[in-house]
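In what comes next, chain A is part of two complexes: it sits with chain B in the first one and with chain C in the second one.
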Partner chain A sequence: MSKYQTKQEGTLALGNMPEITGKEYSLYHCDESLSAASVDRLLGVVRDTIDPELLKENSSFDTRRSVFRDVPALRISSSEQEGFSITYQRWKGVVKEIGEETFVAQISDLQRNVPEEQVEFLLEEIKEDDKELFSIGAEFYWCIGYLISPSGQQIRASLLRFRRLPLFTKDSIKIAAQKSHDIQQNITWL
Partner chain B sequence: MPLCSPPNVKEVELSIFGNSFGESILIHLGNNEWIIVDSFVDYLNKRAVALNYLDKIKVDYSAVKAIVATHWHDDHIRGLSEVMVNCKNAVFICSAAIKAADFQEFIFSDSDLIEGRSGNYELRKILEELARRKGAAKYALENRILFSNQLYQIYSLSPSDYAMLLALKEIAFLLPKEAQPRKGIPHIHPNHTGIVLLIVINGKGILLGADLEEKGDNRMGWTKIINSQERPKIRSSNFKIPHHGSVTAHHEGIWISLLDKEPLSFLTSFILGNQILPKKADIKRILSYTSNAWITTNPNERQKSIKREPMIEKTIKETVKSIRALPDNGQIRIRYCDSRKKWETELFGSAMLLSKC
Partner chain C sequence: MIPPIREQQLQIVLVGNFNPHIFQPQWFVLQKLLGQKEGDSAKIEIIHPDITIFNLDWLRLEVTRDRVVAMSRFDQYNEVIKDLIIGTFTILSHTPLKMLGINYTFISDVRDEAVWHAIGDKLAPKDIWRKFMEKPGLLSLTLDDIWSDKEDYKNKVRITVGPGKEKLSFRLHINDHFELKNVDENSLNSERIVSILKNEWSNSQKKTLSIKEKLFAELP
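Let's turn to the complex of A and B:
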């Protein structure tokens, strides 16, 4: 049993993590975009080193785990330098409409089988370094969770992170043209 | 009739499905021959609603003769590649714009897009599937006969040549350039290249208006169809109202020249942010032409909210301006039996009379 396990049944999904290294990493498919550093930047939080023991000593943390018992994959990312972030809800979304102050996106819950939703976000929710990725059709992840500060303080957080796609290259354009040509050859246009 | 009862072999059926961000139509032409027009995905099992329905009424997918993509907006195309993969005998019908080499290059340049998220993804998968099985496709143009036999004729009434020219110009502009960042699907406007279908079965017309809009330009849109000398001069008794009843797709000539009086009319609603279709004025306008109008979901009905843990709910409220779940699916089923000489309408899910919205 690792030192991050709590007394709570099921633990905090930290059981397989022997220790926190200095590098950002994830558990249970945690997205890179969910690093504590990202959330910190969003919230303007400055951190010192976190003491992981605070996690299991923090009783409210255990309570929260029990409240969110139906969340199938509690995911935690961490950095020795910047602390922990814990995601409780995660959606995948696509930008559908952009207004002067807001944008509309269609989102699907990545954890539950529920209808898709349409959400109107304020443009200010988009991080500065994501702005160049923002356009109609752009894909993003939206996460809601907690940050655990080095002092053990919990901060509720919401983070939008846009998907980064590689730049078009001469080769990728050539491949697309070739693929299009090959496809045309194999379809019988009546 | 229970939902799971299939039409009899001579019974013509139209089933219109919608959920305020999705539209799909199934037509039984008779003799166990089906056509699927557009698609969206059921959130419960993530499958195309058309396939779910064929499963329910126990119709083999091999009975699907054609699959039509009227245009490539997300609310009309999601799940269509799954339909194509499963309906192995089906001919794919699409706008001539999709056949253009430029358009296909554009489609294949975005091969990293997330599955199921876009029209581009669906079209790419459809073309790959067609190529894999060396399948057949046909492009629709103004006044083209797509299928014809003793029982039925299927015509495309659009897109016009001019609409095609505009679409190709737009697509050429969107072709990827070296070192350009990929931003997902660019915003293109395919509504003017949408395929309007006229299906004539035993002399009776069914007009499916897709999302074709009206711009007051006699080279494209509804004006071009209405003024066409070449189009089949058959009035329809069934009408899928275009573009979710929006005034931007309205032309009085449709009701005067293309339809019978008081046609059976049906539409799907559309919700995107503050854009809600049909609007109250649209409903009033449609009802002034026909009282026989149905809609798959009420666009003005307050949607049930999804239950979440209080912490998540609180954070959502602090973060977003608004959030709403898409409504459940509705289905309007219309069947015509020659022996009864009568169309019968059945409503399932959230479908209702338009006058009750």
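Let's turn to the complex of A and C:
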């Protein structure tokens, strides 16, 4: 009997499992968010632990072929991503001024060594999730290129995405302050 | 010259010791590394102590006990994925990380069978093989460059070429591999690998682009 068998079908096909979203998962697991057994119950899967030997590969090379090569039933295709994109220009920007309908940013080209420029964007270009990050000084990426659909159709596309960097913790602030103090103490004036 | 790229994919691979169960979409939302709507819409394939896989429109994340792979076909998100990995392992700073791969796969439709064979013959001339094989064909060819030594780590590029899965297609895979020196299992943390990713990212992008362009220019 295979290690990966569903109650319903007798063979594992992760691709045939009911699809759940992050929201459904978090709602279902509000009291037991880290319980593996509860995930399996939700998915209707009988599962042993995956043999770690199957997952050993001492390299960062071509993982999707090597790591899962001995797990025949595991779906490894990135089928959720339809098509692909080609980016022709990419910039990193910093918000400088915020108006009623637009904002002004200073942008630097990530591919070419050219002087920085100032650009005005419509506020409506900011996606809903990014609004909490939007303020003077916020950094973002801006890319222009094409989305290529699976049928080969090219669609012009522009992506504006604010950077999500980890917040400073009390510990990291304390460590930085200590480092700064140590540097200050070690300065010797000639 | 070889026709334009039909498909491309970035993979950032980390090798170390991981707890796959942590890597749930809502954990990323909680850490503000993903937006709420994005986290809610993530499609979960599996969350388990041994393996987590979920998909966003632009990202597929696979985590096992010894490996994290973040991959995307949408290159406008390359910087975003890099930030996601840096953010994740800045927060999970006690995660032992040993290796980093910044990998790209490019697939091109050659279409013309004669050109497709000519590419294989150019990359792997068949004279020697025809002495004892009837009709040799290239399935996969991998070349390793020499290690380049840095103070804290070593780096090498591995290139694999061969036919893609689709008929008359050509696949190029570039693995820009970084490995820490003086790895002491007890004192490993994520800081050294995160710093390599921050410092080498831009160079790695340029290196990959240059390899792809130079190689494609050489092909029939």
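Please note the rule applied: the second predicted complex is superposed on the first by the 105 of 190 C-alpha atoms of A that agree within 3 Å, B and C clash if a C-alpha of one lies under 4 Å from a C-alpha of the other, contacts with A are read in each partner's own complex, and residues count from 1 in each chain.
The rule we apply is simple: a residue touches a chain if its C-beta (ideal position, glycine included) is under 8 Å from a C-beta of that chain, and two chains touch if they have at least 3 such contacts.
Treat the numbers as computed from the prediction; the structure is a model and nothing was measured.
*Asks:* So in the superposed three-chain picture, is A:Gln153 touching just chain B, just chain C, both, or none of them (first/second/both/neither)?
*Replies:* In the superposed model, A:Gln153 contacts neither chain B nor chain C.
*Asks:* Where does A:Asn113 make contact in the superposed view: on chain B (first), on chain C (second), on both, or on neither?
*Replies:* Once the two structures are laid over each other on A, A:Asn113 reaches chain B alone.
*Asks:* Should A:Asp129 be classified as contacting the first partner (chain B), the second (chain C), both, or neither?
*Replies:* Only chain C; A:Asp129 stays clear of chain B.
*Asks:* Per the contact definition in the header, classify A:Cys143: touching chain B only (first), chain C only (second), both, or neither.
*Replies:* Touch status of A:Cys143: second partner only.
*Asks:* Contacts for A:Leu167 in the overlay, against chain B (first) and chain C (second): which applies, first, second, both or neither?
*Replies:* After superposition on chain A, A:Leu167 lies in contact with both partners, chain B and chain C.
*Asks:* A:Val104 contacts which: chain B (first), chain C (second), both, neither?
*Replies:* Once the two structures are laid over each other on A, A:Val104 reaches chain B alone.
*Asks:* Could you give the residue numbers on chain A that contact chain B in one complex and chain C in the other?
*Replies:* In the superposed arrangement, which is not itself an observed complex, chain A uses residues 64, 67, 92, 132, 157, 163, 165-167 for both chain B and chain C.
*Asks:* Along chain B, where are the residues that touch chain A in the complex?
*Replies:* It comes out as residues 21, 43-44, 74, 91, 99, 101, 104-109, 111-114, 117-118, 127-128, 130-132, 134-139, 176-187, 271-275, 306, 308-309, 311-312, 314-316, 318-328.
*Asks:* Residues of chain A touching chain B in their complex?
*Replies:* Going by the criterion above, the answer is residues 64, 67-68, 71, 88-89, 92, 94-97, 99, 102, 104, 106, 108-109, 113-122, 125, 132-139, 144, 156-158, 163, 165-170, 172-173, 175-177, 179-190.
*Asks:* If we count contacts the way the header does, which residues on chain A are in touch with chain C in the complex?
*Replies:* Listed in rising order, the residues are 14, 17, 19-23, 25-26, 33-34, 36, 39-40, 43, 47, 49-50, 52, 55-64, 67, 75-76, 78, 80-81, 83-87, 90, 92, 110, 127-130, 132, 141, 143, 145, 147, 157, 159, 161, 163-167.
*Asks:* Write out the stretch or stretches of chain C touching chain A in their complex.
*Replies:* 5, 7-9, 11, 13-15, 21, 24-26, 29, 31-51, 53-58, 60, 62, 64-67, 69, 71-80, 83-84, 86-87, 90-91, 99-101, 103, 158, 160, 173, 175, 177-178, 202
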